[in-house]
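One chain, chain A, links the two complexes that follow: it is found with chain B in the first and with chain C in the second.
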Partner chain A sequence: MAEVMQDEVYLNYERPEFEHPSLDDIDPLDYMNDFDDDNFAFITKIESDQIIYQPQKLKRAKLIGKYLLGDVLGEGSYGKVKECLDSTNLCRRAVKILKNKKLKRIPNGEANVKREISLLKRLHHKNVIQLHDVLYNEEKQKMYMVMEYCMGGLQEMLESAPEKKFPIWQSHNYFCQLIDGLEYLHSQCIIHKDIKPGNLLLTNCQTLKITDLGVAEALDPFAESDVCRTSQGSPAFQPPEIANGDDTFLGFKVDIWSSGVTLFNLCSGKYPFEGDNIYKLFENIGKGEYSIPEEMDSLLSDLITGMMQYKAEQRFTISQIRNHDWFRKKHPLTLDYVHPPPLPGSEDCTRTMTVLPYLDDLHRGEEDDLGDYDDEAVLSESLVPHEVHPEVVECTPAPCTAETASAPSPTHSQTKPKKKGNVKKFQFNACKPS
Partner chain B sequence: MERKAGMHRPLVTYDLNPSQYELHAVIGTCCNGAGTVHLARHLPTQKLLAVKKIHLDAQMVDMKYLEHEVLMNRTMSHVNIVSCHCTFVHDNHLWIILPLMAFGSSSDLLAAHFSEGLPEAAIAFILYEVLKGLEYLHSKGVIHRSVRASHILISAEGHVCLSGLRFAYSMLQEGQRSKIVHDFPENFVNSLLWSSPELLGQSFAGYNTKTDIYSVGITACELGNGGVPFADMPVTQMLLEKMEGCTPQLIDMQTMPELQQATPGAHGEESLPFQRTFSQHFKNFVEVCLSPDPKNRPTASSLLQHSFFKQIRRKSGMESLVSLLHPVTPISDVGSVPTQDAEADLNDITANLQSVSVETHLWDF
Partner chain C sequence: MPLFGGKHKTPQELVRNLKEALTYLASLNDREEKKAAKASDDVSKTLLAIKNMLYGSVDQDPQTEVNTQLAQEMYSSEMLLLLTENLPKIDFEGKKDVSQIFSNLLRRKIGTRMPTVDHICQRPRILKILMDGYKNQEVALNCGQMLRECCRHEDLARRLLYSEDFYKLFKYVEVSTFDIASDAFSTFKDLLTRHKILCAEFLEANYDKVFIDHYHELLISDNYVTQRQALKLLGELLLDRHNFTTMTRYISNPDNLKLMMNMLRSKSRNIQFEAFHVFKVFVANPNKPKPILEILLRNKERLVDFLSKFHNDRSEDEQFNDEKAYLIKQIKELKPQEEH
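Moving on to the complex of A and B:
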């Protein structure tokens, strides 16, 4: 009783619409469910015997450890990424949900994840994504990687931009942060091997975070050089030595090349190398002939040329990039700032918390629901009614490439042929719809 | 009084030497238990001081925040912001020498005697001073971010200071003053109840100095009601309520008429304070401070003109605050006791302290 009274203290502030006499006999808690926000419209109190049909969108609270799950933010290569909330300090986080079943189907899947976790655990830099927590659920064979929350990635922003590119000053800002993060990674003897806009995220305050160290390689601290033998990165961002299938190559220079392609892409909306399929693409990269769009000024084209030198030994080092005039220049601000787009199916550009409806269920849901709180599987299964073969789902955006991409690639024994992540990356970044 | 204090300060020099300070009773802890706040005597002047001693090797010390707090304390200079006399490191301990705020924090006052809330006139005076401090911070581009009763300290003379600059955030970054801020401190747990919905929301929209105004509103409820709103629920539910625009309010006979009938039999004398009525000005003040949309919240400067503050007597504000706080007495009433009688002095002070700061752990400034 005392509790209800306490609630009324906070609820019955001046809200004239609630003063209607017919509302007097309604439990004050119900008011909260009737707020004008559309998200809450479907949560209304109905007597249990009147329930014939459960609305599909009902958002059930799911707690993984101390983290309350929110909506899906995106699909990573190995599983969903959901927003979540640390219920102790109310920090917004993102959680990568990895299913063992899925991981086993991906070549090197488990090894890559293990390596990513061990790398992320020891990395602390403003421009590298922070891993906060790793949780396992033995029973459901799932793993949860709790990371910093980011509001969006450069790839989705580019896709939403009118010309698929950023204004120069915005590209410059992101590129400088990319170089900061990359310098840190290299200082820690880590080669990322998959630098591309899709792996660069942004926080609310526009801090860039390098993410997805799934195919990164940590060099032996006592290694004499940065020579590497394997690469699993996205094809369109690979340097000629990898496209040509060289047995060994210089690791750090791979990241420099990929960052050059990334800069090219951010500033122009185009890719230096394209191809209808992975063979054509690698053939083109292997030749190393590309043209710099005319709209790029001489300074920028000089920087890109330096980063995309055919011979790895001649490519710029990070300090050469830092000392380059385009890097050091202050670029004039223009008004055509590209804003991160709202989540699909939403119009909320400020990306407000998506955990609120789940919080509502957690604190005001019916007693019967209590049993489900820990049951993450219930949610994911109910949202995907029929188990579609994952590869098929991934391939739908560009079916034309599915065949070619998943075919074995005999020319490059180093490159993992049927990796699901690669298929998707290839489609998004390498193949332009013709 | 303020002017006097300002004139006297430069004449006293505080040496960076622990032998100059005679430590007495522990009057509080800070930094998650890694530090203690001592009542101390400055030997050259025989004046009472507060000395914060923080063990720098302790695990719970977050050096980043500690450094920031000291830096903030030393760069901000205003009569309503706690200033530290000096800081030095001695034997793994950081010593921060602070003026003694003999009444403790306003949350200590609630705990010691005013469990049902402070008198409205006292709240008006305290919040007026707090807003002056905030007006200064905001003019410097600093957001305090953890305004709450335990961060409002009161001296023996009734002088009010804002403390707890650990989470203060400067909007001046890299030479530019940003309009919005997105930073969300991870170890902010103790201040979440006072935080504004836009700060808690952590969205792209961000927040600005108006978040402090919201905290002033919550603090006003805390001082008026004797308890912090939303304290009776899990923080996650508090988040939900705030995000939905739920606004706490002052509890009195008008806002909760049922209390009047329900209480006498049930709790007897204890509930008598609920027979009070807060002024409409006060209620309006709380309401505007707690507007869910930060745009609708006034700035600290314009709040200083609010009709709620008309009740403050301009000249004798501080004295009347002291008399309003009766029967709670400040620590420094112990007066100058001869040093040879240190034992008695100490006992006296400790006894006195127990009446002042029951919840000493909140004395975290």
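Moving on to the complex of A and C:
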């Protein structure tokens, strides 16, 4: 909550330098209706008679460049992730919205994002998330990373499952893909350093995508070994050498350990190491004593033991994992497949496209209800702080009416100027805060 | 035979029929066209029935029990060898069915065992026939597909890589028929990249034979496509972390550097661009051997000049521009090695 408050305080007063050399080539963009709900929350007094009842929350079309935004898919420390639609090729995408202000408050936040973008740009593999586009809005100090659309992540699926785990064959499928993706990353001299179910996403066709390379490290291609010095990954998935605070450690083996913990977690719903706080957790990992749940068969427990060897040198390599019998085995299918849960606040298990209502709004607007609110014109004038663009005005006989009619509530209508039929013209200058 | 096709043939019957028809077809000579047409027809029908049994059809899902029996029959009658040997005699649709049957069988798994992979491992002749298939236009693409299917399995990929037949691919990727050449190239690329550790060990152990005796020929090929693909693949191989040793060895050889520097000035912009991605590795190497350093020093001014004008229109390719700027800086700062 504190973060939201601060956002409001800094609003429009702080224009910190936010230059990404790697982003210089991005064209100045057109933004339409790209307002944060929290950014324009000026306190306004509203008379009760001005509140117009709107039975349904309207979905307002919002365009970032050529991308039409949909609902929120998830929220990270940097900002939201929303579904979106590339309006030029109709591909379903996800956009990570990064706010500079939030980024600045996270240790290494900006550096991590910069690194992630430069890494993702050169990676092309079916099990590594594809970055399609990066957009930057200087005015609003926001960055948009447009990526492949994934229907959900392993973490949320695990959380929705009764025992917080997958059936073996399902875990096996994801694990094999994880190893494929990881092998590719390692072949490109990249150590992910934060492998965990939360960073593994799935597409609609069950293709696993490794994501979040924010703390990844690219090795010097000429370095003889994969020795690393820093790690910022998630504590529960860190190997003993990091928990013990060793100065240097072997990078590739960190990912092997984390993948071992991930496999442990996918198959059992448990974690090999726990602790009330990070110190106790690291102490436990440092001791390296863990027990493998009894329900795991001997092959699986052998694989996990190999991947979670205390000494990094003795830990399995990717090719040892590939040749392990548990990896090669065909695991019998069972009926207890774990589905991705519906998005929070929705009941749609299939996760259909959330862009549709926005698309509807974009192209049809609120023509239907124009007539009903003709006599509200006077009322709405006082509620619209933003200038209505001439283009918008000319396409409807009673522009102010439209404002009111379309607004879910008066508070909304002052935060979001209404775009009308002529979307193209509106894009250029209508929405820049004065 | 019943009037409306042998619908309920058992796997044993199908395989026996196929074997009989195939052996008969193989025994015929060119003049016996009529008999051949009949036999070929039988072969294709049986192949279709076998394929439908393996994959299932509209009204029948594949049945595990039946398929196990079918696979067993195929192994015990040496059907895979027979099919690959006689592939040229089978008609067009039949060939496609053979390749589908082949890949279905290859993916069979019993627990951790892959019975078809083991079967082929014991019959390396099958791999040899497939590889030789590239010589024959009629079957080249079917064989290519089956080879790549084999390549998915490390054991088979190892056999293919370490056999003398592998070096035939260097010829096949240059044949004048474009579809065969490009099919051969994708098999070639699959073999060299799919199983990272296997490939790295192979390249290390056979460095001279692969790079000096054979790969070099591709890089100086008159065939534009061959040259470009080979150059691109070389860049990928060298920059793959698994091939670290091979990379170090490659970039220590002054002949390779000279070749790349010449290619930077190739007539084709695409060749220039691919060559750049190999050339950069020589320059970025922090431990340049003396001969490499000397060549770079001798051409210092010219290289800086050349690179500053090199593909300046690629302004949107950020990574390329960064790399180019880095190379120019590196070359400017080059100093002769101090003698101790």
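Just so it is clear, the second predicted complex is superposed on the first by the 310 of 434 C-alpha atoms of A that agree within 3 Å, B and C clash if a C-alpha of one lies under 4 Å from a C-alpha of the other, contacts with A are read in each partner's own complex, and residues count from 1 in each chain.
Note that in this section contacts are C-beta pairs under 8 Å (C-beta built on N, C-alpha and C of every residue); 3 or more make two chains touch, one makes a residue touch a chain.
Quantities reported herein were computed from a predicted structural model and do not represent experimental measurements.
By the touch criterion defined above, A:85 lies against chain B but remains apart from chain C after alignment on the C-alpha atoms of chain A. Applying the stated contact rule after C-alpha superposition, one finds that A:352 touches chain B and leaves chain C untouched.
In the superposition on chain A, A:363 contacts chain B only, with no contact to chain C.
Residue contacts after overlaying the shared chain place A:186 against chain C, while chain B stays out of touching range.
When chain B and chain C are set side by side, the one touching more residues of chain A is B.
In the superposed pair of complexes, A:337 makes contact with neither chain B nor chain C. Look at A:136: by the touch rule set out above, it reaches neither chain B nor chain C.
The interface of chain A with chain B does not overlap its interface with chain C at any residue. Those residues of chain C that touch chain A in the complex are listed here as 109-112, 154, 195-197, 239-242, 244, 247, 281, 284-287, 315-316, 318-319. By the touch rule above, chain A contacts chain C in their complex via residues 22, 25, 118, 121-122, 183, 186-189, 219, 221-222, 224, 317-319, 322-323, 325, 328-330.
Listing the residues of chain A that touch chain B in their complex gives 3, 5-6, 8-11, 13-14, 32, 35, 37, 40, 68, 85, 87-92, 149, 151, 203-205, 340, 349-353, 356, 359-360, 362-363.
Of all the residues in chain B, the ones that touch chain A in their complex are 181-184, 186-189, 192, 200-206, 229-230, 232-237, 239-241, 243-249, 251, 255-256, 258, 287.
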